[in-house]
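Following this line, the structures themselves.
Shared between the two complexes below is chain A, which pairs with chain B and chain C, respectively.
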Partner chain A sequence: MNHQGGWELIKNTWQSWLQHRGFFFLLAFGWMLPLLVYLMIWSAAASEGSLTGLSQDTLAGYYLVLVLVNQLTYATTNWTVGDNIRMGQISRWLIQPMSPLYHALSSEIAGKVVFMLFSVPVTAVLALIFRPQFNLSWQQSLLFLPSIVLAWALRFFWGYWLALLAFWATRADSLLALQDTMIFLLGGHLAPIRLLPNWMQSLAKILPFRYMSAFPVEILTGFLDKNEIFSGLLIQLGWTITAYLLYRLVWIRGVRHYEAVGG
Partner chain B sequence: MAEPIITVKNLTKVYRVPERAPGLSASIRGLFKPKFQDVEAVTDINFTIQPGEMVGLIGPNGAGKTTTLKMLSGLLYPTHGEAKVADFTPWDREPEYLQRISMVMGNRSAMNWDIPPLDSFRVLSKIYKVPQDQYQRTLDELISLLDMEALLKKPVRNLSLGERMKCELVAGLLYHPDVLFLDEPTLGLDVAMQRRLRIFLKQYNQQHQVTVILTSHYMADVSALCERVMLIHHGGLIFDGALQELADKLAPFKLVKLQFTTPPSNLEGFLTQFSTVEYLPSENGHHILRVARSDVPKVTAEILSNLPVADLSVEDPPIEAVIDQIYEEGKV
Partner chain C sequence: MQGLRLIFEFFKVSTQAELAYRANFFIRFLNAILNLVTGVLSLTVIFNQVDSIKGWDLPSAMALLGVYLLLAALRGLFIGPSLESVAGMDGEIWQGTFDFTLLRPVDKQFLISFRHWRVLMLFDLCLALGVLGYAIHLMQAELTLLAVLGFIITLIAGVALLYAALLAFSALVFWNSGFLFTWIINDLFQLARYPVELYPVWLRLVLTWIIPVGLMTTIPAQALSGRLSWQWLILTLLFTIGALIGASWLFRQGLKKYTSASS
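What follows is the complex of A and B.
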């Protein structure tokens, strides 16, 4: 492990990303928009009272938190991993005495800081307009912390191992688009999971996608009881470990397979 | 002789390359039944290099130079064979090994393009765990050797190719590697910049005794820097020795250049008396003769006493021509 080098890299990547902050602010705005559209649709549907127990202000709370959680967990880096492999850029990192994972982590962390610079104030303004309501206990808000960290780790490593398939298939990033679609459907974006048909709800609870985005939001907005939170955290942990192991496996075999193309 | 720092035994790399006819239907067939072809990039090469040596690795495009460097730097697993560099097996890629080598590629950047070079250097110094005071000293030394004070605060993307190459060299040498792999370091640079980089490399090598393997298509690089060259062709090592020896072996002749006060009426007829002289097409008023080394004194004496010579010079054939001949013929 080489944490000192990793930390220096993070600081540097952050500086270089801030140079393009306009671009990242626009990206962040683009991700925010669909969620706000769904918020308005569901709020309109709930205008006559409540929708399976969800009122307009709880829906507003759900979607506004989701905007932030989605941006905190979205692993933008993974979209560039495939290119770095395909174009041979990864060669540079492979001959440094530091795990190339640090390069992905550094742009992850740097990216989060830049996105939050935009998203937190914007969400705060939106909160003044939509007036969300939260009914949560302090225990729940504490459990939100491990769940958001795991959600990020799961979403990152899941995308990372998919992206690393670029060692074999040149356009592995289409799998990332598939991951995004699954999160859209089963990760609480299209609708809070409890509004989905039963079969989709059961699917969402087993598959990893809910645990990459909706799950921490459900904890923080008080959608879940204690049992649901603990069993959810266990499943989330299980998937995170699985994703990490898949990453290790694909990485080790991929590097051996790597033909170091391009010069 | 000291222990060699690089030992290579029977090193071989075979690539499996997907093969596909052009067109849509062929690409669909390829999805289900991909075809592969084995391409031998490097075949059974053997050599050793002593600490502090500067060796030129030459050969035409696709000969296997870069593949060899990639195996030695640990980027590629060989198909079979062994290599030891500084007592490590490169492709185990142990951090202690990577700490001791550096690979500078003319066509690949180690720098972050958005920020000034100084920031990238600082990150690299942390990655390579260079103590702060040593970092400052090395940096000062490299910056003055390369005369690049003015570049340090501009973002890398605003630098010219030559300026960027200076930065790449600093990035590659910041942590005092023992072995330096230089893959086409002067690619695309103008003649003046090439010369400056060569002077720098020579100086640096003398001061720090770093072992260098250099690939380049510019023979000027190789002849200025490397007493020893290894020539790779079709994946095999076909020559390993002094550059001059290669030239002598391949070109056992010299070029005699002539200028006359008045054009001689029957130059070619005059030359027929020498069996080893070949008349090459004249270049802007210069007449060039290719003469076997041993006959040079006799031939020049005869010419000087019989023809109205204004100027006469005897030269070695340009190394490019020699190399070109090997690339064409594929053997030494």
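What follows is the complex of A and C.
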């Protein structure tokens, strides 16, 4: 397999994406806004009564980190996978001497570079407005790293295998909308997991969606104790492996099924 | 009269085009249900934690959600697709095909406002009415005839304000054709999901007087729960009329600035 070519493709893509900054900044703004809405709603709620141990500044810390983590783990490319299969673009990739996964990875990395150029400064300004409070420890920061890498991998491969269903069904990308909704509800966007009703909390802890976004944030902001962190990491790893295997399975079957239309 | 006939024809043509794709039907259906579930569950989660935030309890917040969904459905039904086809991504201004629109012997603002319809959004409209009905059921005891009357008037004002804001943002495309102004207003519209009173003071002022997405939903919901004063009612109506005149003026100024991209 040609990794050199893959890396060149990655570099090339992010440079070309940087030319269209305005467009991607606008996208990043759109993803950030719902989180800020819920930060403000919960802040307003916290200012009136007590929310099981969450003060306004802890909430601000949670949501501002979540803005960045969500941006880092959001796999934008998966939305175009279906189009590439439908339009036959993928035919060209299949005959190239490297895995088509590199095409997805290259826009993933390009996306992260461009989105962070927007999100980091904006979050810094927001931090001045919302005055977050962190109690960071080095253990938490250390455990945060593997969990965010896993969160990205899980979210990417989960979306990728769903998107690859476009080999069989033309509008498989609506499953991605479903995934986004689940992440919103159970992935700590609507509310930090501990504020959810019990039945939603138990669902959140079993299903993969919390491990795609909220879990690293909960580690970093000190919402979890040691046991919860380690059992969480195990579940996260398990889901990531599952997602990867599903991707391999769907990919191999899909390519066999694939027939290009046109040239 | 000719206007109504034209709208009917536009509606018919759009409907025929849309219903040709059967998969779209299920996807619209899925999206509408997701929207509804997300909205209602969000409120359930929030009011599971607190009884009321800044005077808003579950029934009144549910009424606001109903208004929000109703406006969102109307936007998706015709205002959004019509204006997007001119000012959105790959719109007529980008493509240079706006010339053909200008040549039609009809009022230009009328034409670009009513041209495209997405008939399947009628389903969203029904769900929105359902939420409103449910909200009214929740607050039954307090409902008076005057409140309902005020609600209908302010709801119409809300639709008109939404239209004015979208028209104004679309008109900006004449000054900078590369930027997706309509996306900004779409993003900001999400803030209308919750009462403006829940936001920090500076944002509340912006959302009331500068980008009036707050007025669109908060005022009708207040009217329905009988908390709207006469002064606010009159102020809202005056503001709406001003916004309509202003947006129309901006559009005409932009039209004058337009130089064809094709020749």
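Quick note on the criterion: the second predicted complex is superposed on the first by the 260 of 263 C-alpha atoms of A that agree within 3 Å, B and C clash if a C-alpha of one lies under 4 Å from a C-alpha of the other, contacts with A are read in each partner's own complex, and residues count from 1 in each chain.
The criterion applied here is as follows: a residue touches a chain if its C-beta (ideal position, glycine included) is under 8 Å from a C-beta of that chain, and two chains touch if they have at least 3 such contacts.
In this text the structure is predicted, and so the values were computed from the model without any measurement.
When both complexes are superposed on chain A, chain B and chain C end up sitting side by side without clashing. Once the two complexes are laid over each other on the shared chain, residue contacts for A:Thr170 go to chain C alone; chain B is not touched.
By the document's definition of touching, of the two partners only chain B reaches A:Arg256; chain C does not.
In the superposition on chain A, contact is made by A:Leu195 with chain C only, not with chain B.
Put simply, the three-chain overlay gives an angle of 90° at chain A, taking C-alpha centres for chain B and chain C and rounding to the nearest 10.
Of the two partner chains placed by the overlay, only chain B lies in contact with A:Gln96; chain C stays clear of it.
Of the two partner chains, chain B is the only one that A:Gly88 touches; chain C does not reach it. In the superposed model, A:Leu178 makes contact with chain C only, not with chain B. Judged by the touch definition given at the top, the superposed model places A:Leu9 against chain B, while chain C stays out of reach. Of all C-alpha pairs spanning chain B and chain C in the superposed arrangement, the closest lie 6 Å apart. Counting contacts by the rule stated earlier, no residue of chain A appears in both its interface with chain B and its interface with chain C.
Only residues 22-23, 26, 29-30, 33-34, 37, 40-42, 44-45, 48-49, 51-52, 129, 170-171, 174, 177-178, 181, 184-185, 190-191, 195-197, 200 of chain A touch chain C when the two sit together in their complex. Those residues of chain A lying in contact with chain B across their complex are 2, 4-5, 7-9, 12-13, 15-16, 19-20, 88-89, 91-92, 94-98, 256, 258-260, 262-263.
Residues of chain C that touch chain A in their complex: 23-24, 27, 30-31, 34, 37-38, 41-42, 44-46, 48-50, 52-54, 178-180, 183-184, 186-188, 190-191, 193-194, 198-200, 203. For chain B in complex with chain A, the touching residues are 15, 66, 70, 73-77, 93, 95-96, 98-99, 101, 103, 105, 107-110, 112, 114-115, 119-120, 122-123, 126-129, 155, 183.
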